[in-house]
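Presented sequentially are two complexes of chain A, the first with chain B as partner and the second with chain C.
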Partner chain A sequence: MATSWRQHLYHLLLWLIALAFFAPVLWIFLGAFKTAGQLVSWPPRWVTFSPTFDNIREVFARENFWSYFRMSFVLSIGSVLIALVVSFLAAYCFSRYKPTGTNFLMFLLLSVRMVPAPAVVVPVFLMYTAFGWARTFTGMLLFYVMFSIPFSLWILKGFLDGVSLRYDETALVNGGSRLHVIFRVVLPQVKPGLVAAAIFNLIFVWNEFLFNYVLGGEATMIPVLLAVGVNSGGSVDWSFIASLSLIYTLPPIIAIFLFQKYLLVGMTFGTVRGEV
Partner chain B sequence: MATTTIARPAATTAPAAATPPAIAFRGIAKGYGGRTVLDGLDLSVAEGDFLVLYGPPAAGKTVLMRILMGLEQPAAGQVFLRGRDVTAVPAAARNIGYIPQSFALYPHYSVEENIAYPLKLAKVPRAEVGPIVRRAAEMLAITPLLNKRPEQLSGGQKQRVAIARGIAKRTGLYVFDDPLAGLDFKLREQLVDDLRTLQRETGATFVYTTSDPLEALTLADTVGVLDGGRVVEDGPPERLYRDPANARTLALLGFPRANLIEGTLTRRGDDLVCEAGPFAFAVAPAPGAAPNTGQVLVGLRPEDVALGDADSAAGPGWLAARARVLLREDLGGEEIVYLDCAGTPLTTVVRHAGHDEADTAGPAIGAAATVAARPTDLLVFAPGDGRRIGRGAASRATA
Partner chain C sequence: MADIRVEGLRKEFKDVVALDDVTFAFADSQVTCLLGPSGCGKTTLMRIIAGLERPTGGEVYFGDQRVTHLPPRKRNIGMVFQYPVVYRGISVAENIELPLKSEKLSKQERAQRVEEVVHLLGLGASVDKDITQLDNGTRQKVAVARAVARQPRIILFDEPITNVDAEAKLQLKRAFKELTRRLEQTIVYVTHDQTEAMTLADQIALMNEGRIAQCDAPRALYNRPADRFGGWFLGNPGMDFFDAELGPGDGTGRGGATLASPLFGAPLRVGGLPPGAGRTVTVGIRPEHVRVAPAAGADGRGPLAVEGELLRKSISIGRQYLLGLRVGDRTFKAKVAPAVGEALPASGPVLVELPLNRVALFGTDGRRLDATLTPAGAGLPVAAGTA
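Up next is the complex of A and B:
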């Protein structure tokens, strides 16, 4: 049928494009299982090599690797959790009490994330230094909280606007306190929004490098891992880079795979809720 | 044997004279964006009363209920519960059972948990919750639904769950904001019955809003007619129906709508005489009323208009007039007949005596007819505020 081969053609095209974009990622992943020689050999070896786990084992064995890795988790999860609490309460306020200038405030918050990171990294660094927050764990954590709030707030406000005010009122007339309304009546109804906001921001924070490098430094150790590891014996240690990339890319890939539908919600600020 | 009652009124027996009204509204005003909804409304509801607040759609019934619940603040005026000014008291502290117009069932709870919700919030012991929930569910015929989620229910079922949740609350005052709207007829009838029974059993105060005049007349101990931002009149439904003190009450309460004819009141010696459309009759002034002569409104219920063929004669003491049949609407058990009485439109109701075709014949559409009314059924109202100023007098018909 005509539609059928056309459809197949489209699918083939889509696969080709997807593979073209995925090729570098695949290259780095494969590199993690090659010896240093195989990794830089010419012509490149896509499949003709005997996989080795030595590189990964070596990364795991490196001094402090696990504490660095744990720090990544602590920073991402910690900051996103704090951001969720703050943005949920703020979203409730914006959605229910509609303070003057709500729309402008919402825009202002989002604009923080619209500015390219390199444009603000220097002012933020100067601010952090002046406050004495640079190179501290708390400072870094707070930065990522600030980093995660705008998107969370937008997603959650979208969800909260969809929860009828009548639910709040039913709770209030039956003697429920405002906290009861917020946490027992409204919160259970926006769980998909919370999951979407959490996943979306976890991936953002996990992938963020620039601010961590400039602001966090030794305090958060992650850049140190790279700085110390990348050079070995006067040249770039590609095996190390490949293995570390693989290890650090896996958590977001798993998260994306498991929570695909929530990501769509995140990317549309909660306006497209679909099956969530 | 002690039976499980759904509601426990706070005070069951109290001397009538000493108790302040369960609810009192004083000068309540409320508007939205320049549109006045409530305009200095006053209303009292006695303890243990079944008050039906009746009014046309968008009369402000829901707004008033929300002010009573504490969900809205009046622009002016005060709300009293048992004599205490609660205008500034938050909704949570007012302890009123509320059945809102929108169901607002919690999607994350089962039907059972939804009904038990007010009890859970009131920290009622778990052992007592079960029987109360079951009793409420039985009454609303939703027992088989208890384990379902709201999203699995039809609109009518959701409504019944919302009613069950409202009456499960233990308090002495319940507010039903038009809860039967949209339910099918059979269920409505049964629920009206059940609500009456529930109210009698518990002795609690019920406030109920509706825009259905028949619901108002069947349910109420007291009807309050809300129109133009105020309660036009309140009292027992029979009195309001038979003996309304205001033209708005007559016009709004009842179906088909009452006839309101513009007329003129004149003084002839000591007598007041009214001419309205085809009718001219002597007027007995209402007690305390000192009617001004001039323009008036004359009210006449459709069922008080007798209809006959063109050559039929009216009984002694009746006012009669010629008319033409414009339209007949057959409702099955009765027929609404629209007439033109020398330029004055008049509506009447003809009840079908049986299933005999001959009974329903009467004057056909377009045919000439005779209409007749007893002068005592003609009510005379002041044109401005609609206050009743008199009624037709029996003896001095001057037709």
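Up next is the complex of A and C:
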């Protein structure tokens, strides 16, 4: 009995913490359905307002909104797909041929993502300007490819290490070429890893703002949407921010909901697998 | 189809020599078992034959074709590994058919080949099942079926039944025996399990420390091990060994030497010793060949029987008895039939006899000496270890 009583308390605590963290998100979501006055009124109105869809309708109606929104998808999905191809092949190499310094290289790649973004944004910007890549779509796409590779590589290498070398060897002996081995024998077995890596990086790229703002500029247009929208008539347009947040948060939320089990295997880097 | 020859094959991993100048031929259309303890180089040898490892030196030939530098896929071989390699998410039949798809075969022919091997391995009941529904033993059968269905000229097995449970092991062993009897390919089968090798092999190549110590038919290998290693490694338990000093010839003019040991009831004459053999020899006998009788029933006591002490007695596979014996200051093992074992006391004095035709002599280098043993003063010599 004591354990069950404790367990209930524990669950209650977890719920409270979760709600505390979710409250701001909920607040901004609710804000999307309020008028500007209701949004900033005091005391705050959690439920006592009549919901309106005007804000959202207004965002949709904005000039170029759909092309901006599409650009978000193109950038995220495009860069993640390229990153997956590159990192799958790299992970195969690291996992099977184990070139000298594999561990160090793997660490080095991940360390790219350990550095806080504001620390590198200026050097990257200077580099991009020097190469003439700043404010280009390709430059931005490649930046996100680079941004996605380390994590994908780590996840995929974990999964590939879990696929016994005997699969490769059996296929080779049975008359398959190396490419056949990579794409027809090994690839199908790491599909969960590919999905996990894709989802993780889609979310990362989708959420990335700073580099897009600094490097992409008008070329990718997403920050422009924000910059133009946030200031309206000398004050901050909170209704706009709330509606846009809602619209932009929904895709990752749906993705996470649909692929949550892959996110879990992704977080363990796929390493918890026995030899087959 | 094709025999496999390796010539002067050498493989080094950093500072370990896995294969030490191996020259050997795997007979065409026969099952050759590579048998040896872990780390003796048997798997390395097989992987070089498959093309999965490059030798440090030496050549591999399939028939007349030199294949040393061919990639595995161009060697036309089939291989089965220790862990069943099967593809998830597709049925058993699809698993077997998969490698056939890259060959120029008609759909009917593919189906026919699949059906053949399915029948051959008794997989009929699981053809349409998904791989995940099968146990390890059946999965391994599928892996074997896939290797066989391609009809390669050589099939390599790398300890294929090590990782299945005991029940499935027996079943697989039987299936393999049936299969290998029907196949005409040259088959190399790596194992560290001697009963497996004894059951399946036409000939066994015994490996030790990167070399092939001996290659012979299973029975011959068991009866006439070429060196101490063969005597020790084969058999369960392995041979008993005793060191002995040879005495000078007995002066009858027939040459040779004499062997006097507390293990034999009478001095022995050793004939046919190769020139240059040392005076120190090792006497070896398989535990199952040692004759043991209760000390009381001394009737029918052989002339060579000696008195010994039974230290312990335990029952073993097939109700045979495993005995710990002591004669003089030497302790050794014996294995006797159920009836004999039951008649023995739990411990105490017994009569022990080492039949001369079962005794083998080994030189100081561990090689077997082709010598004959006879009771001194008796007539016809008995060749050591002829049974």
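Quick note on the criterion: the second predicted complex is superposed on the first by the 271 of 276 C-alpha atoms of A that agree within 3 Å, B and C clash if a C-alpha of one lies under 4 Å from a C-alpha of the other, contacts with A are read in each partner's own complex, and residues count from 1 in each chain.
As a working rule, a residue touches a chain if its C-beta (ideal position, glycine included) is under 8 Å from a C-beta of that chain, and two chains touch if they have at least 3 such contacts.
All figures in this text were calculated on a predicted structure; none of them were measured in a lab.
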Do chain B and chain C fit side by side on chain A in the superposed arrangement, or is it a clash? clash
A:142 contacts which: chain B (first), chain C (second), both, neither? neither
Looking at A:117 after the superposition, I want to know if it touches chain B, chain C, both of them or none. Which is it: first, second, both, neither? neither
Which superposed partner A:175 touches (first chain B, second chain C, both, neither): both
The intersection of the chain A residues contacting chain B with those contacting chain C is 164, 166-167, 169-177, 180, 185, 188-189
Where on chain A does chain C make contact in their complex? 164, 166-167, 169-177, 180, 185, 188-189, 275-276
Write out the stretch or stretches of chain C touching chain A in their complex. 50-52, 71-73, 75-79, 81-85, 87-89, 99, 102-103, 143, 146-147, 150, 156
Taking the touch rule as given, give the residues of chain A at its contact with chain B in the complex, in rising order. 164, 166-167, 169-177, 180, 185, 188-189
Chain B - residues contacting chain A, complex: 69-71, 90-96, 98, 100, 102, 104, 106-108, 117-118, 121-122, 169
